[in-house]
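Take a look at the structures listed below.
In what follows, chain A forms one complex with chain B and a second complex with chain C.
What follows is the complex of A and B.
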């Protein structure tokens, strides 16, 4: 996959648990797990905005493009 | 979903009736013809004529049964599921196969039919071909719907 989700790294940096982030963002832990594992097909701008707000970061801190 | 359930019940009823009809036809027409080797000089297939017609009927019942199964999976697993797609695809192919076999039968036995019977049977066969193609398109709709559903579910 060309787009890498670095949510785990950001969570570790902010010392936040997945469960807490899911609660703040307003998504289920199952969906957050799908996002973290890279199985997600797409991410809504509203979800990305909420994650960035909760983790106080930029979208580029979470999503990274890697050439195959 | 009410209409789907109604269609399912109707199909179950029609399929049971047709299976009974096939049974009756087999017992009263096919088996006696084969055992007595009854000669139908006016028919191309001779004593196998009823066997051929019953086989065609069995083919269309198989297709109808596949549609019934497809609808059953729609009721059970929702509109977009791979099992329904597979069943409708198979039903479509069976219907097209039936229609082509029926057309072949009409061509082979052309001499024994009246012109209006040939025209009516041919039109019916073409309608069944259209129905088969319709089922194949419907199977494609289910497939694409399934992909869209999956993508929607995996959009966070």
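What follows is the complex of A and C.
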């Protein structure tokens, strides 16, 4: 996939656990795992906004475009 | 759902009846070929068909038997679709695959029936096109008599199944995309 999700990196930088982020954002840990693993087909702006707010970062810190 | 339950019962009845007819046919064939003397007198004459074997004579019955077997297989595929329907899993791979197979078989049966009927009418009834004023008329007559409503309906149903299969495949993809939207 051309879009890479760097959520793991940001979580490590903020020293936050996936479970805590899922709780703050209001999504299930299963869905967060799908997002982290890159299996997600799309992400809602509201979810992205909540993640950015929780991790105090920009969307570009989480999502990255890599040419195939 | 009531519709699915009725469909399930009807398709099961049809499948069992088709299997029974097939079994009886095979049993009759074995009886005629190997135990002809023990059969009632009025059934013993059927062996003559096999002793004076002529491929032209057997083309239509043979293709009919093949088409019958293919029809049974198509019904089997449709029967396999009922279980996911019953559990409301409409967009499963089982439904998509089996609808496609059944549709393909229905279309094949329909087209092959028309083709073999046409061949039979043109060749075996001495209606091979000859160069005279009636050639066109004879050919048209052969075509119209080889295409009947039931065969056309079978092809249409087959094409519908193929279309449904494609629609279900698209729906499955959209559903998956929706589920994987976080």
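The working rule: the second predicted complex is superposed on the first by the 68 of 68 C-alpha atoms of A that agree within 3 Å, B and C clash if a C-alpha of one lies under 4 Å from a C-alpha of the other, contacts with A are read in each partner's own complex, and residues count from 1 in each chain.
One rule holds for everything that comes next: a residue touches a chain if its C-beta (ideal position, glycine included) is under 8 Å from a C-beta of that chain, and two chains touch if they have at least 3 such contacts.
All values reported here derive from a predicted model rather than from experimental measurement.
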Please tell me, clash or fit, for chain B and chain C sharing chain A in the overlay.
-> clash
Of the two partner chains, chain B (first) and chain C (second), which one does A:24 touch, if any: first, second, both, or neither?
-> neither
Looking at the overlay, does A:34 come into contact with chain B only (first), chain C only (second), both, or neither?
-> both
Kindly classify A:42 by the partners it touches after superposition: chain B alone (first), chain C alone (second), both, or neither?
-> both
Is A:63 contacted by the first partner chain B, the second partner chain C, both or neither?
-> neither
Taking the superposition as given, does A:50 touch the first partner, chain B, the second, chain C, both, or neither?
-> neither
Which of these chain C stretches, 3-11, 57-65 or 129-137, gets into chain B when the structures are overlaid?
-> 3-11
Across the two complexes, what residues of chain A are contacted by chain B and by chain C?
-> 27, 31-32, 34-35, 39-44, 47
In their shared complex, chain B is touched by residues of chain A numbered 27, 31-32, 34-35, 39-44, 47
Per the touch rule, the chain B residues reaching chain A in their complex are 150-151, 154-156
What residues of chain C sit close enough to touch chain A in their complex?
-> 176-177, 180-182
Using the touch rule from the top, collect the residues of chain A that touch chain C in their complex.
-> 27, 31-32, 34-35, 39-44, 47
